[in-house]
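Letters A, B, C and D mark the chains in the order given here, with residues in each chain numbered from 1 onward.
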Amino acid sequence: MPDSANEPILDIRDLSIIYPISIGTVHAVQDVTLSIYKGEVLGIVGESGCGKSTLGLSILKLMKPPGRIGSGSILYKGTDILGMDDRTLLDMRGRNIAMIFQNPLTSLDPLMSVERHFIEAIQVHEPRTGVPECIERAKKILADLGIEGNRLKEYPYQLSGGMRQRIMIGLALILHPDILLADEPTTALDVIVEAGFTELLIRLHELYNLTVVLISHNLGLVAQMADRIAVMYGGRLVELATVNQIFEKPLHPYTQGLMNCVPNILLEQKELNAMPGSPPDLVGEPTACPFAPRCPKAMDICRSRVPPLKDYGGRRTACWLYEGGV
Amino acid sequence: MKRRFSLLALAFALLCAGTAWAQSTLVYGTTDKVTVMDPASAYDQHTWDIFQNIDKGLLGYEPGTDKVVPALAERYTVNKEGTEYTFYLRHGLKFTDGTPFTADTVKWSIDRVMRLKGDPSWLVTQFVKEVQVVDPYTVKFILMGPTPFFPTLVAGNPPYFPLSPNVYPADHFITNPSELKGGALVGLGPYKCTSFKRDEEVVLDANPDYYGPPPHIKRIIIRYFDDATTMRLALERGEIDLAYKTLNPSDISDLQKNPKLNTFKIASPFIRFLCFECSQSVFQNKELRQAIGALINRPEITQKVYLGQAIPLYSMVPIGMAGHTDNFKAALGDGNVKLAEKILSKLGYTRESPFAFDLWYTPTHYGDTEVNLGDVLKQEIERCPLVKVTVKSAEWATYKQQFNNKQMPAYLLGWYPDYIDPDDYTAAFAQTAASAGEGIFFSNKKWDDLFTQEQQSLVPSERAKIFKEVQAMWPGESLTVPIFQGNLFIFTRKNVEGVKIGPPLIFNYDQLRFVK
Amino acid sequence: MNATSGGREIRAAKYSPAGAVAALFRRFSEAARRYRIEWWILVAGVVVIAAIVTMTLFPHLFTHFRPEDMNAGPQMKPPSAAHLMGTDNLGRDVWSRIVYGAQTILGVAIAASLASALIGIPLGLVSGFSGGFGDKVISLIMDSIYSFPGLILAIAFAAMLGPGVINITVAVAVVYVPTYFRLVRGQTLSIKQELYVEAANAIGARRPTVLAKYIFPNVIATVVVVFSLNIADAIMTEAALSYIGLGLPAGIPDWGMDLSMGKKFLPSGVWWMITYPGLMIMILALGFTMLGEGLSEILNPRLQEY
Amino acid sequence: MRRILNYFLMRVLLTIPMLFVLLTLVFVVLRVMPGDPVSAMLGGHAPEYVIQQKKAELGLNKPIFEQYIDYLGQLAHGDLGNSMIFVERVSHPIAQRLPATIELTLFGLIVTLGIGIPLGVRASRKRRTAQDFGIRFYANIVYCIPVFWMGLILQMVFGVLLPIFPIAGRVGARIISSDFDRTGFYVLDTLMKGNFADLGDVLMHLVLPAFTLGITLSGVFVRLTRANMLDVLKSDYVLASRARGVPERRVVYKHALKNALIPIVTMLGLQFSALLAGAILTETTFSWPGMGRLLLERIYLRDYPTVQGVIIVYALFVSVVSLIVDIVYAIIDPRVQL
């Protein structure tokens, strides 16, 4: 649970990421303010294209070209990542903040053995570490992940998908980072592997005293792991609350819509709901609530002004509905 | 002070030594190629040149002249019929492999040429019946008949040169010296060949066993160039000391103006001419041959294609040779469209149905300028509206086969003499048997008789009269039409002297020397 | 769900799987690529080719000199107002030789490409469609020729055939037959498996009908692209052959031959005799390459990262 | 080991049909076309019976089919036969010329890759910038420049206007190549002899031909490298290694380029034919004493056995290179087993 007295380990302030393209500017992430505290698991959810992956990548300043920072800052232990020089930034990546990605099948260099991946991961940060020591450390961490040490000599094509994802985690954790960014870590895995993987992630979270940012559209996974959930829509943060708050009483109509899409065993819902419409175009400066065209509760104001993210007793949402309080 | 002086002296001495070393090697560039390193088979100017320098004939030419002088033979005698030549050989000579030079080696070499029937073997077989060893140092040539120019044959033609029987195989030709026993060319000349790399380089070093005065330059590197342009640049940059055969006309013009170079211009007995197939083609009709001959504009050709470096030629016998007369100029003229038009319209050709024929040339055998020659000839001939020419070309192997098979009605040829005599410029094309060999297939009983008469005569004035007569009749028959005579150019760096090339076109490298 | 409007429904169906941002990006980058760069390339190619084709058809509009006229000007004069590209060693106008020479190179390249296409395509169609031993033998022959350096083969053929327009065309054509054969055979093999072809077979269509009506039309789009690129290649091959001196006899203006002619005058500072013919060969080849690439983008709009 | 041996054997067997087809083609066309070695060899004076006798000696009077069978029989013993023009083994001039061609193509290849790959990488990293457009423009232009014209222009600029480099041959006129010639690879020979002055000269002679050949083919590799790099740079493992803090240079050259090289290596095998074809033209322009010039000279002379021999050696050369490409491929990519 977040401790308000606790200083946030990662503090995102008014972050905007923009993509200049020929017909205008795409606002992939807009005015996101979000604090992440040490030891917590924060879930970021939303539909595809809502900006959650871009947000995740921007924490490592790894936006896909031609994306760039529009405004804002990301403070890691008080230092702005976006203002770091290249050297500090490189050193920070992997050592302080590590990231794992959606597709384990393609996230390892097919021409490098597992061993070389580990050696590289260590040596780029600690150039003086000898190869035998690197291998030793890799073996140790693989043991934590339940992989035999003799797999180190193998090449990615010789390993299964689950195995590769665990190696990805091993590579992420080999330098004991503070923060692990996990971008859709289970999407590409089948259900059984996914279950095992989720357990592993929970175990590692405790074992390594990790702060985890879990980016996923899989609400089930997020519910299982996260302490708090940030809901994104159209590049904006629309709701931020604890897991219980979100699942018990979602405030934002979009969050409500998302919850309706989740099969709820307890309520024995007859049919699954799908949300009407599609995510908005993100080209140009928005002048209205981006969800308004799809929102069943949309009001006039929603179509003319962007709702600000407001605090409602420890939880936040951006919706004109609650202008007068929750 | 003294010490310093000696150091300077030493430095100076070293410098001189360095210069001396540099000056002892001459690099000679050429675009020619060595064909086969066998006197029984080679039949080209450059390979013969090399044999002239690494070997010697029984007789030779005084450098820079066409005067026949003794060489391996100290003297010779002729019987009064002119059919037996006896040569008295120098004593104590040996080939560079150590084999002694005797009458037996002479006989062995001539017999080999006659037996192997190589390309130039006719130069022997057509004249020599038999070679007899009189004693170890006396050898007798029994000829087929009287041959007044036999000494020039012996002096100028490597097939007559003695070879070492211990080195050359008796039963086949060799191409590369590496196939010889011992792997190197041997001879009796002022130089010996120490390295041979086909189309790249030949290294000649002074032969210590040479009977004559030792050559001035100890080492000559012959460097083979694929194209004249490159050779010209190499000469300008001082990479080579001497360039001989064959530079492009534009390069010659430029080099002549270069103050760092010496130019040696040699009137060459090389002639170019147009041939007609006289037995089957449309050119059976000698009037058509005359019409085309009249259309050729020689000054235009020599100016346009050769930038003034060739000489218009109006007889088959080259300028400078005894008995030369300009008959074509008066008879047919240059670019004489009127005459051609007159002849052709008489024969019934009109603008609407002009006289059409194929004119052939061969694009590389006579150098790169040949395409231009084709271009210019086409334009000149077509200045007469009653003619239409299609210019065609074929590489030498095909070209030769085609003229032998009477497939080309009109074609260009070039001629280097086999021996310096008007006979080799006239009978070689007009005498029935020889004419067929060049694809002309001309035959005229009266001419044949004249040639036989000339060939058997020992009286120079009588021969000269016959050649004059033949030349006078030539434009009327126009079996061939002379176009131009070449000049040969040798360019050297300013410090090279001693380039002496006479009418027989023999280049004696031992005459070359460096000057300050 | 209530559909708010038909248009929106369609958009939703179209975009939801890929994600809006990605879709947008793709759409716009595609538009930029196809309507700016590739069209530009196509248009540039067409303009170049059109200019040179006009030159071959109406040479007298471009120059009043005849290409063989030795008295057009003095010998070897640099470019001037009277002679845009100077004169050559015989005093001929270089520009007029370029104008008339276009006929030769373009004619040979197009004729050779056509000839190889006319042999290669039917052979590929029949061979690919019929299969069996004949297909194996033909494929073996074609692959052998294909894997061998084309120019060397062309040189061998041209040297053996001797100079002449027809001969050089044959020499160039031989080299490219396998290109068409392999292309068409490969496509035929894959189209043969398509449902509509099997259906046609099933209803008892005769083989020539199937080939002509179902397979050939599907092959032709790629063939057009390859044809254009092939002409560019054939231009270079023709120029190379005549540069080596294997191309044409005297009397026919030809860029490659003029280039090899000009080579001899290079140390005399006669730069114009080699610069212009070479430049023209490059421009003409570039024209057909651009046409081919532009066409390939339009006829076959796969997402080519280019 | 056994598997590799089998693989080699398979490859060698596969080249036989190719050789066979090419050889047959050349054999037949050579003999059907006008011109024959005897005419080329003999001057005008040879009487008809000598010509016939020569033809008989060379076996040219037999029917073509019989000549063909004889030749194949000879080849089966690994014998290329004797020249019909010169009294020499066909293998002799080939052995002398082949190293020159290999040296030229090798250095040409180094230049091609040395220009093509870095430019391609650069263009892919600067995608859609002025640099990228500039590089792509270069690639397209260069692709359409005839090799021989490139050679002439380089000769004109660097040989005549600024006389920096020699424009012809393999060594300077004053250097006697037979002094160091052992293997025929002059760079290697001079190195082995420790003759650095000559080595310098040999290298100077290589510069313009190698660049001529290299530049004209570099366009293809620029385009290929760029396209592949763009693909690879978008891949997940590149992102993942960036996220691990791997420096950009290492990401680009170690991860991305190595992966992008796989299709480039494959392409190299295919482009090698183009390289050899370009080499013939370069040999002509720079008077390089290689196989291309040998082929031309001997075709003119209708020296059938030598022409056939040269064609065979070219075909073998292509096959050997494609074999080497396969091996390199297997070394780079662990997924491929020979």
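Methods note: a contact is a pair of C-beta atoms (placed from the backbone, for glycine too) under 8 Å apart; a residue touches a chain by one contact, two chains touch by 3 or more.
What you are looking at is a predicted structure, and each value in this text was computed from that prediction instead of being measured.
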Chain occupying the middle, per Cα centroid: D
Pair exhibiting more inter-chain C-beta contacts, C-D or A-D: C-D
Chain C and chain D, separation of their C-alpha mean positions in angstrom: 24
Averaged-CA centre spacing for the pair chain C and chain A, given as whole angstrom: 52
Cα-centroid distance, chain A relative to chain B, in whole angstrom: 90
Residues within chain D bordering two or more other chains: 33-34, 160, 299-300
Set of chain A residues in contact with two or more other chains: none
Shared interface positions of chain C, touching two or more other chains: 159, 162, 263, 266-267
Parts of chain C lying in touch with chain B, wherever the complex brings them together: 68-70, 75-76, 89-91, 159, 162-164, 245, 249-251, 257, 261, 263-268, 270
Residues of chain B touching chain C in the complex: 227-229, 232-233, 236, 248, 250-251, 253-254, 300, 304-305, 307, 361, 363-364, 368, 371-376, 378-379, 389-395, 398
Chain B-facing residues of chain D, complex: 33-37, 39-47, 50, 53, 83, 86-88, 92-93, 96, 159-160, 163, 166-169, 172-174, 176-178, 181, 287, 289, 293, 299-302
Residues of chain C that touch chain D when the two form their complex: 140-141, 143-145, 147-153, 155-157, 159-162, 232, 236, 239-240, 243-244, 259, 263, 266-267, 269, 271, 274-275, 278, 281-282, 285-286, 289-290, 304-306
Chain A - residues contacting chain D, complex: 57, 60, 62, 65, 90-95, 98-103, 106-113, 120-121, 124-125, 155, 157, 168, 171-172
